[in-house]
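Okay, so subunit A shows up in both of these, paired with subunit B first and subunit C after.
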Partner chain A sequence: MKTELNSMKWHILVIIIVCILIIPVVFAVSNSFKTLADAFSNMFNIIPANPTLENYIHVFEKLPFLQITLNTFFIATIVTGFKIITSLLAAYAFVYFNFRGKNLLYFVLISTMFIPFTVIMIPNYLTISCMGFRDNLWGVILPQLSDALGIFLLRQSMRTIPRSLIEAAYLENASDFKIMKDIIIPLVKPALISTGIIFFINSWNEYVWPVLVLKSKENYTLSLALQMFISAEGGTEFTIAMAVSVMTMLIPLVLYIVFQKHIINTFAMSGIKG
Partner chain B sequence: MNRISLKKQNGDKGRAYLYILPSLLAFAIFMFWPLFRTIYLSFFDWNMIKPDKEFVGFENYIELFQNPLTYKILGNTGAYILILLVINFVVPYILSFVLSMMIKKGQNFYKGIIFLPSVISLVVGSILYMWILNPISGPLAIIAQVFGVTLPVWSKSEGLALVVLSLITSWKVFGYNFIVVLAGVTGVSQEVIEAAKIDDVPMHKVFWDIILPMSSATGLYVFIITIVQGLQYVFTPIKVVTQGGPNYASSNLIYHSYHEAFVLYRTGMSSAFSIITLILFILLLIIGFKFVEKGVYYEN
Partner chain C sequence: MKDIIFDHVLKAYGKNVVVKGLNLNICEGERLVLLGPSGCGKTTTLRMIAGLENITDGQLYMGGRIVNDIPSGKRNVSMVFQNYALFPHMTVEDNISYGLKVQKVDPREIEERSNAAISMLDLNGLEKRKPKELSGGQRQRVALARALVKRSDYFLLDEPLSNLDAQLRVHSRKELVKIHEMYHQTFVYVTHDQVEAMTMGHRIALMYDGILQTIDTPSNVYNRPANVYAARFIGAPSTNIIEANLNEGKLIMAGQHIVPPEVWIKKMKENGGDMFYFGIRPEHTKITTDYMDNALKGIVRYTEDYGNKVGVYFDINGKELISVCDNNVPATGERVYFVPDYSRIHLFDYKTENSIGYPEDLSKHNYGVVYELRGRLAGDRKFKAE
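== the complex of A and B ==
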């Protein structure tokens, strides 16, 4: 009985933390369906008094919103594709080959995780401008074709594959491509999917680099479009801003909810040194 | 590990380099070469537009260390680090301990929700908290009014702006850190904990003497990531909400480097600031690894 009470106390503490984290999201969804007047007079009603789609319609009228969503999707998809392929190849080399400078090379690649973006920001801006990719989606994509986190996570996952499987394949003279396709990819699939989703979500939410590269509204991503609705006093476009917020959150949240277990497990793995 | 047969089969090591090449190229062009170019630029006076750069030697660094503003920004950076560490390192550790020790039912549910904000854009987070914490019309202000309290205009107040921006960032970072720490804490052998429980070792001692040392590798990782990633994540709310103000009170090394480059167009100064940031990060990594080498416990 005493332990039950005790555990109750802790449940309440955890529930408070959960509420602090989740309430903003609930409010955003609720406000996006309210009229501006309703949002201010019935602030604490989660269910809108007169639900309306007006804010969402407004968004499409004021902005090339479909284009902006497609831009965000395009960047996230290409970035994710490249990162997964380059990470998979590098991880394969680090797990199944012995070569000179292997540890040094691995250390150098992984250390990029700790380089602050300000250190590379000016030269990359100059490079992108020089290539003519300023205010162009490719200017956002090009500097992120590989990712140390991907190499790390996929290497961790590949190391769990029994070596005998790969050795047997080598004995039968299977090509690297065949080994990759028939053995490795099927076996590391959960890690591959969640790493991919992590890349996709991060790219979807990215703000710092796109804000430097993209200038015109037709080339904006969702995070940049959202920034246009910020005004310190809440303002007359508040409920529209909430609608844009909801649409910015939607895809990452759906992906998260569908693949939740995989994502959490993969992330949990990222902190365990190997 | 039987590597002999494997080695014989792939004598052609060139393939290994070939597979690493795409990543290496991507990093070389957009990470390592820029890194050296930034070091180079930090010795010049330039504005990104003028055709000629003027070589000034260490002048940018000298000016940087003579400017009182630098110390304000270093102080702010320290304050950000401290707040981020308390919320996203200390609290997740305690919460992980609580969750793994006391709460058996509903663990996955809590994990799922606590992680959720990690997948949401920080621009969204900034907008939401700007509304919730709006000192005049936000819900928190209305609740405070009932108790006769007026909220301060935090975005315009030195000190407070920095705290609120750290809170907004923590909203996003907390869940990830928590999941990683929890994996480390639950990875500690149950037998050791059960034995301690039978011996009636008090809970805080279990935490200090067993959990903490036995999950130290994970702990170190989260400690470093909280500082390195946290300081960079804070950039978004700073840029969106205060632009470093009022009077640079919410700026940090990362934001100021951006400010010098893309607002004041002082490329050399910005580069000097970012190199200082990098040196700080490297020092931090070295200290961290030295600490782990000193015989704290490693899993695996």
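== the complex of A and C ==
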């Protein structure tokens, strides 16, 4: 009885938190289906008085919206793919290889996580310009092919794998590549997926770096498109901005729903028992 | 020849030397047990054979060639790990056949060998299960099956029974011996359990502090321990070791003296010196509450019941000794007379702690010669506790 009451208290708290978190999303969705006039008069009505798709139609007319979505998707996919591959390889080396200066190298690598983006923004911009990648999707991608966070997370996950598993595979004359493929990847899969999702969403939402590199509309990403409707030059067409927001949200949301089980697993899992 | 030879092998982690100049010869097809307390370097020794640890110095030969720089996968060894090291994401079947698949063995051969191992180790019906769905004993058998399908020349086992309950351990011990009798691989078994060592090994290599203390047959390790450490480590309760001073044909121990048989005095004189360690196993002693000549006198401190026997701890001038007896157990606080079986005593050099050897014929020097009951009769005993 007491535990029931106790868990009820927690449930109420969690429900309140969820409501607070979900309000902006509901707000965005409902306003994206309102006319501008309707939105101004009944901003906090969840159900639009005269539902309309005109905001969405407007976005598609005014912008190469499909292209923009594809750009964002392209950047996010390539960046995520590379970050995962480089993190896996580096984490494997840090866990299973012994080499001189390993700990120092790891320390240096991890400390890069604490360097603010604004510090490396200008050097990166100059490098990209010199390479001729200004206003090019590859200009956005190139400086982001590896990530200390990924190395850190995957290394932590690999360290929970008992060393004897790897040794058992060594005894079978398995190569490091084979060990990675047959043993490490299946065992760190939940961590791999959640790290991948983090990378994908970060890249999807990225604003400052693309805004520096990308200039022409056909190269824009979704966050840049969004900014067009809420900046000074975009005016106050915030119902259109809401429509873009909703569309920006869609892909990460679908991804999350698909991989939900793995993401929750990663946080729930304390280790792999041998 | 599928033998293993350690030639002055040294293993150090930084400044910490864990195996100190090991010389060890493991014969083809032999069951050798590496025995010792934890941290003695026995597992490191096994892992050096497997190629999982680098050799700091010295040479390791396997099958006649130096293997110091040959990677694990090319040494043709199979190993059973203490935690079994089963791949948690693979089924029993996949775990067993993984190594063969990596080595690109013909699929029909893989199936044949896996099936043979599965039925031999009684794993039928569990093929599709994951390791976490198995009991400890089943996991251990999967680990064994995985090592067996490889049909390698060297079979290494790192405390494979330590995670099993006592009954299963006894059963698995027999199974392991049976498996070895079938394949006759060179079998190296690491354990800290002396019963496992005594029952399974053709020979026992006893290690302590990175040094090989003795290597011999189980019978010799028990009956003719090479040094004080071996005498103490093997046997439960542990061997009594007392400092003894040879003085005019008497052995003075803890302020009392006994007169050992002439053959032993001769042996001690051959060795030289007058200080020795006198060793006697509790099961090779007699204690009585009746007066005995040529015996050590002590006071019983406490007793331990083992079910079939009783261990009696008694005190001789501050030195604690133990004896086991099956009847006429003295009570705590009682005075006892203690006589060793002189055909089963061990004497060690005081400085080197090595055995001084044994006189040729000891059979007539048991209790009989010096066993003289005087005064009171056996039925006349009085317990102080009463």
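Couple of notes before you dig in:
Basically, the second predicted complex is superposed on the first by the 230 of 274 C-alpha atoms of A that agree within 3 Å, B and C clash if a C-alpha of one lies under 4 Å from a C-alpha of the other, contacts with A are read in each partner's own complex, and residues count from 1 in each chain.
Criterion: a contact is a pair of C-beta atoms (placed from the backbone, for glycine too) under 8 Å apart; a residue touches a chain by one contact, two chains touch by 3 or more.
Remember, it's a predicted structure, so these values are computed and weren't measured experimentally.
In the superposed pair of complexes, A:Val14 makes contact with subunit B only, with no contact to subunit C. By the document's definition of touching, of the two partners only subunit C reaches A:Pro186; subunit B does not. In the superposed model, more residues of subunit A are touched by B than by the other of subunit B and subunit C. Residue contacts after overlaying the shared chain place A:Val208 against subunit B, while subunit C stays out of touching range. In the superposed model, A:Leu165 makes contact with subunit C only, not with subunit B.
Shared-chain residue A:Phe177: touches no atom of subunit B or subunit C.
On subunit A, the patch touched by subunit B and the patch touched by subunit C overlap at residues 164, 167, 170-171, 272-274.
Residues of subunit A that touch subunit C in their complex: 162, 164-165, 167-174, 178, 182-183, 186-187, 272-274. Subunit C meets subunit A in the complex at residues 50-52, 71-74, 77-79, 81-89, 98-99, 102-103, 131-132, 146, 150. Those residues of subunit A that touch subunit B in the shared complex are 6-7, 10-11, 13-14, 17-18, 20-22, 24-25, 27-28, 40, 43-44, 82, 85-87, 89-90, 92-94, 96-100, 102, 105, 109, 112-127, 142-146, 151, 163-164, 166-167, 170-171, 176, 201, 204-205, 207-208, 211-212, 222-223, 226-227, 229-230, 232-234, 238, 241, 245, 248-249, 252-253, 255-256, 260, 263-264, 267-274. For subunit B in complex with subunit A, the touching residues are 1-3, 5-7, 9-10, 13, 15-17, 19-20, 22-24, 26-27, 29-31, 33-35, 37-38, 41, 48, 95, 98-99, 102-104, 106, 110-117, 119-132, 134, 136-139, 142, 155, 171, 174-176, 179-184, 187, 217-218, 221-222, 224, 228, 231-232, 235-236, 239-241, 253-254, 257-258, 261-262, 267, 270-271, 273-275, 277-278, 281-282, 285, 298-300.
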